Amino acid sequence: METVKKEKRSLGFLEQLYVGEVVKGLAITGRHFFRNLFIHTAHLFGLMKSRKGAVTVQYPEERRVIPAGYRARHRLVRREDGSPRCVACMLCPTICPAQCIHVRAGESPDPAIEKYPVEFNIVLDRCVMCGLCVEACPVDAIRMDTGIVEMSAYDREEFVNRRDLLLGMNPQTPPLPKTRHG
Amino acid sequence: MEKILTKNFDKPGSHTLKVYEEGGGYEALRKVLALWTPEQVAAEVKKSNLRGRGGAGFPTGLKWGFVPKDSPKEKYLCVNADEGEPGTFKDRMILERDPHMLLEGAILASYAIGAGKAYIYIRGEFALGGERMETAVSEAYARNYLGPNILGSGFCLDVTVHYGAGAYICGEETALLESIEGKKGWPRIRPPFPAVAGLFRRPTVINNVETLANVPHIINQGAEWFASLGTEKSGGTKLFCISGRVNRPGLYELPLGTPLRRMIEEEAGGVIGGKRIKGVIPGGASCPVLTEKEIDVPMDFDSLARAGSMLGSGAVIVLDEETSMVETLLNLERFFARESCGQCTPCREGTRWFVQVLTRIAKGKGTDGDPDLLLDIADHMAGRTVCPLGDAAAGPVKSFVTKYIQEFLPIS
Amino acid sequence: MEYKLTEKEIDSIFARYPDKKAALLPILRVIQTKAGYISPEAEKYAAELIVVQPARVHEVVTFYSWFREKPEGKNLILVCESISCSLLGSEEILGHLKKTLGIDVGETTPDKLFTLGTVECLAHCDASPSVMINDEILAPATIEAIERVIEEKRRNTG
Amino acid sequence: MTGKAMPTLTIDGKSISVKPGSTVIQAADRLGIFIPRFCYHPALSVVGSCRMCMVEIERLPKLQTACTTPAVDGMVVHTGTDKVRDARRSILEFLLINHPIDCPVCDKAGECFLQDYYMEYGLYTSRYLEERWNKRKVFVLGPTIVMDEERCVLCSRCVRFFDEVSGVKRLGIFERSAESYLSTYPGEVLNDPYCGNVVDLCPVGALTDRDFRFEQRVWMLKHGDAVCPFCARGCNITVDYNEKSGIQINDRRVYRFRPRYNPEVNGYWMCDTGRYGCRTVDSPERITEPLMREGKRIIPVVWETMIKKTALRIREVIDQDGPECIGLIVYPSVTCETAGAAKRLFVEHLGVRNVSTGFPVDPSAYEDDILIRKDRFPNRRGLEEAGLSGGRDAEWILGAWGKGELKLLYVIGDDLPRLLNKQKPSPIFEAEGVLILQKSTAGPEDEFARMILPSVMSLEEDGTFINFEGKAQQFKAVVSPFGESLGSGDILARLARALGLDTETA
Amino acid sequence: MDILIILIKIFMMIGFLMVMGLLLTWVERKQSAVMQDRIGANRADILGMRLMGLFHPLADALKLLTKEDFVPPSGSRFIHTLAPFIAFTTALVGFAVIPFGPPIHLFHREITLQVADIHVGILFVFVAAGLSIYGVILAGWSSANRYSLLGALRGAAQTISYEVSIGLSVIGLLMVFGSLSLSEIAHAQGDLIWGFLPRWGVMVQPLGFLIFFTAAVAETKRVPFDLPEGESEIIGFFLEYSGMKFGLLWIGEFVEIVVMSGLITALFFGGWQVPFLYEHGFEFPWGTRAGLPHGLVLTLQVASFVFKVAFFCWFQMLVRWTFPRFRYDQLMRLGWKGLLPLSLLNILVTGIVILVFD
């Protein structure tokens, strides 16, 4: 492999003094400060409403549209007959970097299906929401498309999402809007 | 043209000992037991250029020579009368019409290799042939052509007629041995070869019916005479079973090297209804097909090998212009798929795959890739199986698909 | 149906082979001739005779197509399906038989008279198409000849 | 040596001399060159049916199967040429025609030959357009084995195992051609003391173990070497285990035992009794903490108290009644080291003479020529070597205990045959004296015990077993002690210290 | 009476500092938000009133007061409790000597707008700042946490290093003004140079100012010199603090900002001086005069002081939210190899100038 060596730009004398550079930096942040301060102040008087002084979204009153592919809380997909689609192959606990998924497999009552998850726990307070479990699933049984981003609880035990809870969740409705990337 | 093997066939009661002896039967045996050493018999057969008539065409004398002379173990001779190749019926004819000729050949062969026990493995479906063979054996025992101290020579031989039970694969020599041993007909891996460790792990020679039937004639009339009948490398005449779309299908004894076209047009009376020949399978179901242009080939082991086919068992199957090559190949492959023993992977799975693809093509649901797929499967089967059945199944596919590719492509 | 071999039969078969186990095919052949098929009990019986596990016998019975595991009709009609016969119209014969007997390949008529089957090459390619009825070969088989035989069998065995 | 010269052959550029009669695959294995295989197994007969091990041999036109080709002097073998790879790929393609490729749900995934080769040869798009055959999926062959016929590649390893090793033909391949299938004789149940081995043998997921089935994916397991403690053979085993994580749903640690190759002891095999003995390790009946009887109740105590009280009891009996009123039973389930420690403490220091090494071998127990021994204890020979046997027999001790002649009975180790076979009653009964048990798993005699000191099982400590042939086999602890249990030797050393004895020698 | 006045002044001062500190917590959030195109804390409300998040300091205080007061089990409870008080007190004390207005005459007394007019006022500030190190060290040590201790050590090393520069940087100024008393220095800055330039410290000692400001930021232990705390690292001397003890350390930090701003104002930006504003009104150099009542002048001057302090607080915030953190070696290099020689140079040059011109 070819290594590209980047020449380090040597600084001039004035730059080495840093004083000018410091001022430059302060000027940039200062510019933002005064411009936004001005806009905010104008807003107080009902002016310049079209220009926004901040990009902040006032969650929970305001909510951003969750883009397609956003990794929200997990759910387990059901088959048409309502049984879990999961085949308890344990690829998700295998790939999980946080080791937050625990599956116990059992013999499926349906002879056409080899095994199914007797227990399926996702320990959310360990989860890093990386989505690797979704990628690893060979049967598309686990998805992170619930659109639920709030995950909080008063008790650790509440973070343990069990199979039936996961099966009971629905994908985000209405359907996700198409983003720029499709 | 002198008939040798089939000379007694048309005599009434040709299968009886009486008729056989009247025609000079068991003379060779008497001569050999009285005057010859086993080595001399083997040498004579070797000199005669007799080649195996079962399909592979291996020199018989050479095969006998592989049996270790000094082995303390009992040696066996197995007669392969498990004729199952579609288009072949010569062995059945011999069993039914002249079992003593075979039996004499078997006795001579046993003497040559020093076998004290011979098994005649007859296909289970051959009711008449089996019956006549068993009769012949008991007649021979009665006359002391078999049993202890044959004709006072001190040579002992027991012959057992063993029936197969409907498995083409048992025509393969090691599968045949397994079958005699009372097992499934799963071909054995080689080495060890049967000549060293065959039936019951003892030295064994396995010969085809037709091959052994030649032996008394070689002894009677000499190796030179026999060799002169055939081509340079293979002596004697050959029984050709001509079947398919010809006017006079049947068994024809012809010298090796007879051109195929002459055989079809003169001996077998040409194609039914005077139709054009589309192709000919020259040596039984496992041999690659020849197109109409290629059938001037002389019918002997080497010429056919040069033409890209095989003499096989000498079963000429004629396909006329109305025949569907896809259906024909499907028929052949269905045969192989059913008869595959299921032991080794390429043959077990490949033959089934052939049938499935060909069935699809026959139903008109073929794809552009199918001919290539068939050829590829055939390539992957040929030479990679335990026994030659894989080659046998792959050979026709290769020749049919390459020579008649238009029929295997979807109609667009 | 009685399938057991007599002492004499057993002895004569064992005498032919240096190893008892090798006698399996002849024994099964006798059993099938006697009983018409090889029942699980017969398999176990054969296994005891040659002192092996029944699984070994079952392997052999299932491997060879000639052995039958189910009782079949009194007359077994086998149509050769090989290439030579197929070229000369064995499909027509088979189709006709299916129609006449009202059964498919591998089935037995309700009156237990006929069982229809196919077979790989009966080695009567010189007289194609060939049909085997019990142990007799009908070659070349024509529809008329088949009709005649079936009628005859119906009369004789019905 | 047969006197024949050792043929030297070259495989992939490496030369090796092998014994006459060796095959190419054996030579390659010795060189560390892995040739893919399904049907070949060093301990089974060679059938050459899978055709996976084909290699190219110079001067031979066709590819040859490495498992059937004898090594010949001067042979030059190539195992990685395009032709060979193509052949392997084609074999895999044939095998995968009807294979469900359900690795995610297959228990064999992770240790499956077919899967490994499939990944290596990358047959990701199938050319097979036809409809797949459905075969029997979850077919229960016997109490321990379940079969998935669709996954079977008909390598016949299992069939040959029963034919050749266990000696009874339990399985057969029936029918022929592509319709052939593996099964027991119809109606027969696969029931053999060595059944479990076919699961290890099966190169694909066709035969799976009902005990291990679905319990854990193999790649999650750690492996440790151990010696099977369930009979006098002392089979070498590999223990597949997970360390307890605390957050797993399934807190089972030891998932299975597998035989570990040792040509001198067990070859490639082990029996099912040993194999399923793995259940005893994490059994709910294991004793987790020291227990002491207070009146009717039995209460957990801390180790310090336990040791102190136990020592006090022993001292009391010795001072009041003398050491002849103490009985000691050491079951041969303990290691040589523990036996030695027990001898030093009880016999040499305390002067106890009523020592027994448990009960005689059950003459009605099952035994065969393959592996299983009548003696279900792993270390009877070890106890003899340690000099513990030759004192009293157990019958005498129990008699004296019943008569009240023994004021204290100290029992070390587990009654393993009873542990494996719950129906067998415990020989120890209630009597006047003080019963102290030092063992790992609860049993019916516990209700008479005054003190129960939980000790570890053999997987949880280092030690040595001497098998019935006199082979000493050392092993290391594989998993950590269960609960608060301690090593048997450790308990004895603490006891010695509490008794005021020199711990260096005790 | 005097005591009463002093007490009033102390209360005023403390009140001022506390209010400023509390406000700064809000300012810090809001200012950083505005600088970063955000909105910032605005959710604490009383009856729906949010007042741009002005209730947040109150909410914070409430929260801190009600939080668990955690003491590491292996730490020293007494010192752990003592440390924040030391830190907070020393931060407060420094402001005592800073004059926030000219002396006023009330009730026939001259009342200095300064808690304590000490002759060596400036030294007092440094002493107070030096003592604050105890708070840091004790906090870090008593937490019995190696990360706390590391933070504390970093803090100590950093404060000591920069104390040298901060001390030397004002020497030039002292030489110019010839006094150590802050009120005198403030007073002296009312003069003009060449008749039109206010004689503010920054005019006569620009380099001194730069050094002083840099070192002052370092003394407050804020970005880019926030290694002792390192919000984004695990290291921090108040790692193990919670509740109001944490609040004290936290407010103390803001108080330090105010104190430093006050010091900068007093030393370099004329203290309470407004250019050209004298006791009786404006007197511009070009001769314009505008008489103003005394009360107004005084108000203007105090307001000017407060404004200047507020400005520097704002400016420190700006700096804090603009620059990335130094690496520790860079921090040390700047202190010892940059600021120290420069301040020495500054003294030398100042000395020469004074010698030459006087």
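In order of appearance the chains are A, B, C, D and E, and numbering begins at 1 in each one.
Everything below uses one rule, namely that a residue touches a chain if its C-beta (ideal position, glycine included) is under 8 Å from a C-beta of that chain, and two chains touch if they have at least 3 such contacts.
Quick caveat: nothing in here was measured; it's all calculated off a predicted structure.
Undergrad: Show me the overlap between the contact partners of chain D and those of chain E.
TA: Both chain D and chain E are touched by A, going by the contact rule given at the top.
Undergrad: Which two chains have the greatest number of C-beta pairs in contact?
TA: Max contact pairs: B-C.
Undergrad: By CA centroid distance, what chain is farthest from chain B?
TA: E
Undergrad: Of the chains shown, whose Cα centre falls closest to the middle of all protein Cα atoms?
TA: D
Undergrad: How big is the gap, in whole Å, between where the Cα atoms of chain B centre and where those of chain E centre?
TA: 112
Undergrad: Counting in whole Å, what is the centre-to-centre distance of chain B and chain C, each centre being its mean C-alpha position?
TA: 24
Undergrad: Roughly how far is chain A from chain B, going centre to centre by Cα mean, in whole Å?
TA: Centres of chain A and chain B (C-alpha means) sit 74 Å apart.
Undergrad: Which residues of chain C are in contact with two or more other chains?
TA: Within chain C, residues 56, 59, 63 contact more than one other chain.
Undergrad: If a residue has to touch 2 or more other chains to count, which residues of chain A qualify?
TA: Nothing qualifies.
Undergrad: Residues of chain D that contact two or more other chains, please.
TA: 173, 175-176
Undergrad: Considering every pair of chains, which are in touch?
TA: Touching chain pairs, listed by label, come out as A-D, A-E, B-C, B-D, C-D.
Undergrad: Along chain B, where are the residues that touch chain D in the complex?
TA: Listed in rising order, the residues of chain B that touch chain D are 167, 169, 184, 186, 189-191, 337-346, 348-353, 356-357, 360, 367, 369, 373, 380, 383-386.
Undergrad: For a test of understanding, state which residues of chain C touch chain B in their complex under the given definition.
TA: So the residues of chain C touching chain B come out as 16-19, 21-26, 28-29, 50, 56, 59-60, 63-67, 81-84, 86-88, 119-128, 132, 135-137.
Undergrad: Residues of chain D touching chain B in their complex?
TA: The touching residues are 46-52, 54, 62-63, 65, 68, 70, 86-87, 90-91, 93-95, 97-98, 127-130, 153-154, 173, 175-180.
Undergrad: Help me check something: in the complex, which residues belonging to chain B touch chain C?
TA: Within the complex, chain B touches chain C at residues 74, 83-89, 91-92, 117, 123-128, 158, 160, 162-168, 179-185, 200, 241-245, 249-251, 281, 285, 315, 317, 319, 323, 327-328, 331-332, 334-335, 338-339, 341.
Undergrad: Which residues of chain D touch chain C in their complex?
TA: For chain D paired with chain C, touching residues are 168-176, 184-188.
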